[in-house]
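Both of the next two complexes hold subunit A, though its partner changes from subunit B to subunit C.
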Partner chain A sequence: MPNEVRNLAEGTLRWVQASGTGGWATASAPASGLFGYIQGGMNFQQPRQYETVYNRGTAGHFKLVRVENGKLSFDLLWGVTADYPPTAVTASGVSTNQIHLEWRNTAPEAGGALYWQFYNCVQATPKVTENERGDQVSFEFLYLAHNGTTASGYLG
Partner chain B sequence: MSDSREVFAWPESVLYLWNGATSGIATYAESIEVSVEDNYQKKMFFTATGVSLGNKTHFLGPTQREVRMTIGRLYAGNSTLQLMQSAVNISAVESFNCSADGVTAKWIIWSARIPSYQANGREGGVFREQIRLIAPDISGV
Partner chain C sequence: MATFDHPWGEGTVKSSLNKFIKDNLVTNLPTWMSWVSTPSVGQARTLNFDYPEQPFQPPSFGVAHLGSDELMKFGGDRADGTNKGTMRFGLMEVDCYVSSKNNFAWAQQLSDMRDMVFKLLQQNRAIALYDFTNPTTPVALNAIVRTENIREVAVQPDPGNPALKKKRILVRYFWVERF
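Entry: the complex of A and B
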């Protein structure tokens, strides 16, 4: 494996206001921002549902019958709220507030950076927790699809 | 047949369909149902004054037999629908082989027609189709 492993310190998470649905599309001059003070533990998952096809009672093959929406969640320390995605701005062409998320990892030994993109995210379950070592804001986004790892990013 | 032998299980059976020209195993078959209905005529006797002679009542027949078979399948191509459209009689054999106790059995449906075809797709599942066969007779049950 040519690359080193990645860690929290090499990552940034940016967002941009989405336009329409079904891929990385943005309006002209969309709102965008960089999440600050993200804590370790960000994770995402996108379940796929397969049905087992049986032939005379013996498992024969699988069929993909459903791709669920993905779920990405992370915690950050309450800091610059101006950098949080707007909850009152509707993405153009859809009825919900949607953003795209891009997780960037600097990877100098691989020639620059590595990216994950998450398309058409809506924010679910906002949560705030007071803490003596920094009040915590928890974000949970539902997304339609993700792309990664890729060597090219949109948001820098 | 001895009561000591085992019952048949789904993996131990194979369903064949043919239309006189082509035959083959009906793969991915499921939910097979077969019913045989014999039509008996109830004959009742009465006295001249209309009193029922219950002890003389009996049945005549059977005068007519109807075999119905329903086959559910997973949709994997057009062969099922083509069978219906072939417009010739269909025969179906469900063959059982319980190798554990060395017993085989089968039923054969002759000269069947397919009056009904259905295909169903549903969210979170695979496509299923179903055909219904009607036939005048069955053998080997």
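Entry: the complex of A and C
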């Protein structure tokens, strides 16, 4: 059976403190949490740079020459600071605060969930905007790699 | 199945707003308005809720709620790290009534009543929510409903009651309904 389309109300975003670099590794009993009050519009992208190789002056094939770091952005309404990732804890084995992010979409028609994982995220450009219906905190994470869609998650 | 219990719904918000208005209007009334704290059966009230079928005698206020709608969804329906929830908005109507019969001051009185409502609701943008599961002993929920967009709207004269003068105020409010 095909899955239904997913939507905003089905996608929760969890984080866990990372350890080391290059994959989903965590220290024992790492800090973790679940973002609340996330507004619609979360997005991520990871640019890939291809070079065109020519054959006798005509485009012949592509070569993947660079995979940039990814960027994941979302806004939420400021309310539950206890659920934000720690900004004063350096991840083990690296020189920056790092977390892994996991985006879990429930798939009730399939009796399970679908996941995306984002490895070794650092927070760039913290931004807060006052607003009548809730002050807005904008998160922008840079990540090294992502994995998805997959049917198994780490954070539940 | 457990007994139905939902202290975060529209009923809670309506009751909490009504409680706030009742508690605070009493202490703000001018001398030409009287407040009867425990009206006897059939006695007119200074403040009425939800268009009651009971003796009506101006000057008086009337409060009614016109329903609510969804304002904002959140990712995963997560209101915070623990609860699910959605932001909803509702509309409250506050009416002011005076009689112009043998009352040369009616226009000033009606204007004062309108200003009382505006001042009260603009001074208090965040109003505490109470769980009214037990109506005689409401319990604070440590949450709030916020008022916004308080405005007066036009009222058509009532040809059947030409001496009854009315101002109609609409107040929008929003809160997070947790579930």
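Just so it is clear, the second predicted complex is superposed on the first by the 155 of 156 C-alpha atoms of A that agree within 3 Å, B and C clash if a C-alpha of one lies under 4 Å from a C-alpha of the other, contacts with A are read in each partner's own complex, and residues count from 1 in each chain.
In this text, a contact is a pair of C-beta atoms (placed from the backbone, for glycine too) under 8 Å apart; a residue touches a chain by one contact, two chains touch by 3 or more.
Everything numeric in this text was worked out from a predicted model, so none of it was measured.
Q: Following superposition onto subunit A, is the placement of subunit B relative to subunit C best described as a clash or a fit?
A: With subunit A aligned, subunit B clears subunit C, so fit.
Q: Quick one: is A:L114 in contact with subunit B, with subunit C, with both, or with neither? Answer first, second, both or neither.
A: The answer is neither, since A:L114 touches no partner chain.
Q: So, A:F35: does it touch subunit B (first), subunit C (second), both, or neither?
A: After superposition on chain A, A:F35 lies in contact with subunit C alone.
Q: For A:E132, decide between first (touching subunit B), second (touching subunit C), both and neither.
A: Touch status of A:E132: second partner only.
Q: Under the stated touch criterion, name the partner, subunit B or subunit C, that contacts more residues in subunit A.
A: C
Q: Once chain A of both complexes is superposed, is A:L155 in touch with subunit B (first), subunit C (second), both, or neither?
A: In the superposition, A:L155 touches no partner, neither subunit B nor subunit C.
Q: Going by the contact rule set out at the top, does A:A18 touch subunit B (first), subunit C (second), both, or neither?
A: Neither subunit B nor subunit C is touched by A:A18.
Q: Taking the superposition on A as described, I'd like to know which of subunit B and subunit C A:G57 touches: first, second, both or neither.
A: In the superposed model, A:G57 contacts subunit B only, not subunit C.
Q: Between subunit B (first) and subunit C (second), which does A:V65 come into contact with in this model arrangement: first, second, both, or neither?
A: First partner only.
Q: Touch test for A:A9: subunit B only (first), subunit C only (second), both, or neither?
A: Once the two structures are laid over each other on A, A:A9 reaches subunit C alone.
Q: After the superposition, pull out the minimum Cα separation from subunit B to subunit C in whole angstrom, please.
A: Minimum over all C-alpha pairs: 37 Å.
Q: Using the superposition described at the top, list the residues of subunit A that contact subunit B and also contact subunit C.
A: Common interface on subunit A, subunit B vs subunit C: nothing in common.
Q: Could you pull out which subunit B residues touch subunit A in their complex?
A: Subunit B residues touching subunit A: 9-11, 13-14, 27-28, 30, 74, 123-126.
Q: In the complex of these two chains, what residues of subunit A are touching subunit B?
A: Touching subunit B: residues 49, 51, 53-58, 60, 63, 65-66 of subunit A.
Q: Tell me, which parts of subunit C touch subunit A in their complex?
A: 71-81, 87, 148, 174
Q: Name, in rising order, each residue of subunit A that touches subunit C in their complex.
A: Those in contact with subunit C are residues 8-13, 33-40, 42, 74, 76-77, 79-80, 82-83, 104, 132-134.
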